[in-house]
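Read through the structures below before going on.
Common to both upcoming complexes is chain A, partnered first by chain B, then by chain C.
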Partner chain A sequence: MREKCKPVRLTLCRGDFLAVCLVLMAAAALIAGWSMGSGGKAASVQIWQDGIWKGEYDLMQDQEIQISGSYQNTVKIQNGRAAIIDSNCPGQDCVKSGWHEDARQSIVCLPNRLELRLVGTEGEPQVDGVTR
Partner chain B sequence: MKRTATLILLLVLLCGCTAAPAKSNDTGLNRYEATFLTLFDTVTTIVGYAETEEAFTDTAQAFHDELLEYHQLYDIYNEYEGINNIKTINDHGWEHPIKVDQRIIDLLLFSKELYTQTEGRVNIAMGSVLRLWHDARETGIADPSRAALPDQAALEQAAAHTDIDSIQIDVEESTVFLSDPEVKLDVGAIAKGYAVEQVCRNTPSGLLISVGGNVCPTGPKPESGQPWVVGIQDPEDPEQYLHTIYVEDVSVVTSGDYQRYFTVDGVPYHHIIDPDTNYPAGYWRSVTILCRDSGVADALSTALFTLPQEEGQALLDAFQAEAMWVRQDGTILYSPGFQAYIRI
Partner chain C sequence: MGKTRSLALSAMLIALALGLSYMERFLPLQLLIPLPGVKLGLANIVTLFALYFLGGKSAVQILVIRCALGAMFGGGLTAFFFSITGGVLAMATMALTRRLPFLSIYGVSICGAAAHQTGQVLMAVLLLRSVYVAGYLPALLLISIVTGFLTGAVSAACFRAMIAAQLPFASNMEVSYAGEFD
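This part shows the complex of A and B:
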């Protein structure tokens, strides 16, 4: 039995070793692909006002969107980024916060109860929260 | 056949592992985020993991509802029906003792303790001084052509009425009395952090809560056990971070001269007033505090903003906290233990 088994076992080990190598390489490629795919760039921007859904816009389609309410905001989408470029609210914090392009970031106009939520890519974001 | 089966099993297992970090499939938890614009006049964001959206929404709503009660109790500008809040104390607390909720008594006792420990750098009895700056700022922001500094004589007059001992607390009766009618309370430097701390203690673990940049984790990410990543905003550019840091059991609070300010003759005047000068403190562009207690972190960020580095470091040592200071020229200083938290 031993004489018969030995060569078989050896072949199996070599084959398994090769197979495991192949599988590991495939896994490494998968991990690399995944992490590149979850770079954190947003694909679209959702507009919420007073907690109410106002629509979702593709960041690849350059456009301007007018928001009314207690105040007027102009939302601009350009080259995969979004910003509030004009507002008649006091303080202008929304305009000052500038352009954003990463998923899970928000642009907020508190006086107009407006929130722009950047969404769209799978995976963990680069940052979970921000201290300002 | 056996070999093929082993191979397939291996492949499946390995693919499962690679998918896990991105999608949290192994724990069955998904990542959710909720935003509220109704608390402490700022943006509140709650990030967490749950099996279903409903489960997460319930948690987030419970947090919101509890913090909303604190918001109303600690409000100095608005009245709410059936509630005696800080505004009630300011309006009538000098006429007779005001019966208040235990959560107000607790905040005032905490604030008095912090006053003593920071040697007066955080003083909730500075309301009359802060009100003059608040009104000047509101006017200046609404109509820049009318922007003006508060009247110097009025500032000096107000500064004569900032004695914290004028706030008389009767713990047994749960009342507050102002023995000096000119003393007004302003809890803006401390109430938000204190309230967040109290609510976070009753909140399930594994959330990252941010109330206007006052960031409080309730433990690490539940799907991976990893710490949360928090960005520290660059005072020069709101789109950039000075650093990203790892946190799971410390709160992060930043005070900066760019958060609330108005401009007179081209000069910006921010909202953090030095009790020695009654003018905006000029030591730093921003100070970021790391501290287990969010209420202490909030108070320390104000205190350190109005102090030179050595005196600030002494306070950090007393509270086992860490800090990052940004100078006017943009250079950065760190307390000895701060760098252990830095990711990038």
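This part shows the complex of A and C:
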């Protein structure tokens, strides 16, 4: 004997379009909220690990910084940009994310709980900065 | 479905989900979109299947065991936190959106993918104690529309075949065609 049939929708319908719009709107709202602050080039990079301040480095001084922890990361600063150029973490997302130079951007290595926060001249990302 | 049969099916689904997420690592998606946390989310097909055919309880069991085993097989503790928060949030969202009569499996899958990304970013914010990491969320949400659609399409094809074949777990299901509810 068959139980009561449960209908399953397997073809695209109008409601799905609504779901897509909802996600798009959420993304747009977040982008709008985020860019209300400042953009522009970063002046320095702050290194945070496990939520703890590890130091701040000038992006105008080319250098390499070694970071230890659960894994080893090599941070390189060159021509006003920063990147994690080497890491022994699984995944290697941090290395693949490449070079960054804009304020309010972050380069992260989640396995090592590391965040490189690119900041403007104020030290902290400016909330009342120049609008683009 | 008997107890033994249901246990065997759950075990196979866990293995399948683990295999899919392992396989995903070899897809060079990161080269295309260099953001942390970008992946297809093929294991979500298993979650969708469990939710639709086996019910919430089995789905949660499969999810938790899959995340725990995934962590043991190489992800580590950090990876566990990420996959479990993403996974639980995605499952809760899909369990809810599934009940909406105007959404098909595509919509449910997209909502699940978006919730997964949100969960992972939330975890990153907590773990790194930095809200700046949330700057990645908009891009990840946009990507989740595409990945959610793709996993939805794969699931739809699988489900259609399983329902048509009248497999034991699919015997009380039937495919609803668009228009029926409109």
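Couple of notes before you dig in:
Going forward, the second predicted complex is superposed on the first by the 81 of 132 C-alpha atoms of A that agree within 3 Å, B and C clash if a C-alpha of one lies under 4 Å from a C-alpha of the other, contacts with A are read in each partner's own complex, and residues count from 1 in each chain.
By our rule, contacts are C-beta pairs under 8 Å (C-beta built on N, C-alpha and C of every residue); 3 or more make two chains touch, one makes a residue touch a chain.
Here the structure is a predicted model, which means the values were calculated and not measured.
In the overlay built on the shared chain, the residue A:D86 is in contact with neither chain B nor chain C.
Of the two partner chains, both chain B and chain C are touched by A:R117. When the two complexes are overlaid on their common chain A, residue A:C94 makes contact with chain C while staying clear of chain B. In the superposition on chain A, the residues of chain A contacting both chain B and chain C are 12, 15-16, 19-20, 23-24, 26-27, 30-31, 34, 48, 50-51, 90-91, 96-98, 104, 106, 108, 110, 113, 115, 117.
The touching residues of chain C, counted against chain A in their complex, run 25, 30-31, 34-37, 52, 74-76, 78-79, 82, 97, 100, 102-107, 110-111, 114, 124, 127-130, 132-139, 141-142, 144-145, 156, 159-160, 163, 171-178, 180-182. Residues of chain A touching chain B in their complex: 12, 15-16, 19-20, 23-24, 26-27, 30-31, 34, 38, 48, 50-51, 90-91, 96-100, 104, 106, 108, 110, 113, 115, 117, 122-124, 126-132. If you check the complex, the residues on chain B that touch chain A are 3, 6-7, 10-11, 14-15, 17-19, 21-23, 31, 33, 35, 37, 41-43, 45, 47, 138, 141-142, 208, 210, 212-215, 221, 228-233, 237-239, 241, 244, 252-254, 256, 259, 288. Chain A meets chain C in the complex at residues 2-16, 18-20, 23-24, 26-28, 30-31, 34, 48, 50-51, 90-94, 96-98, 104-106, 108, 110-111, 113-115, 117, 125.
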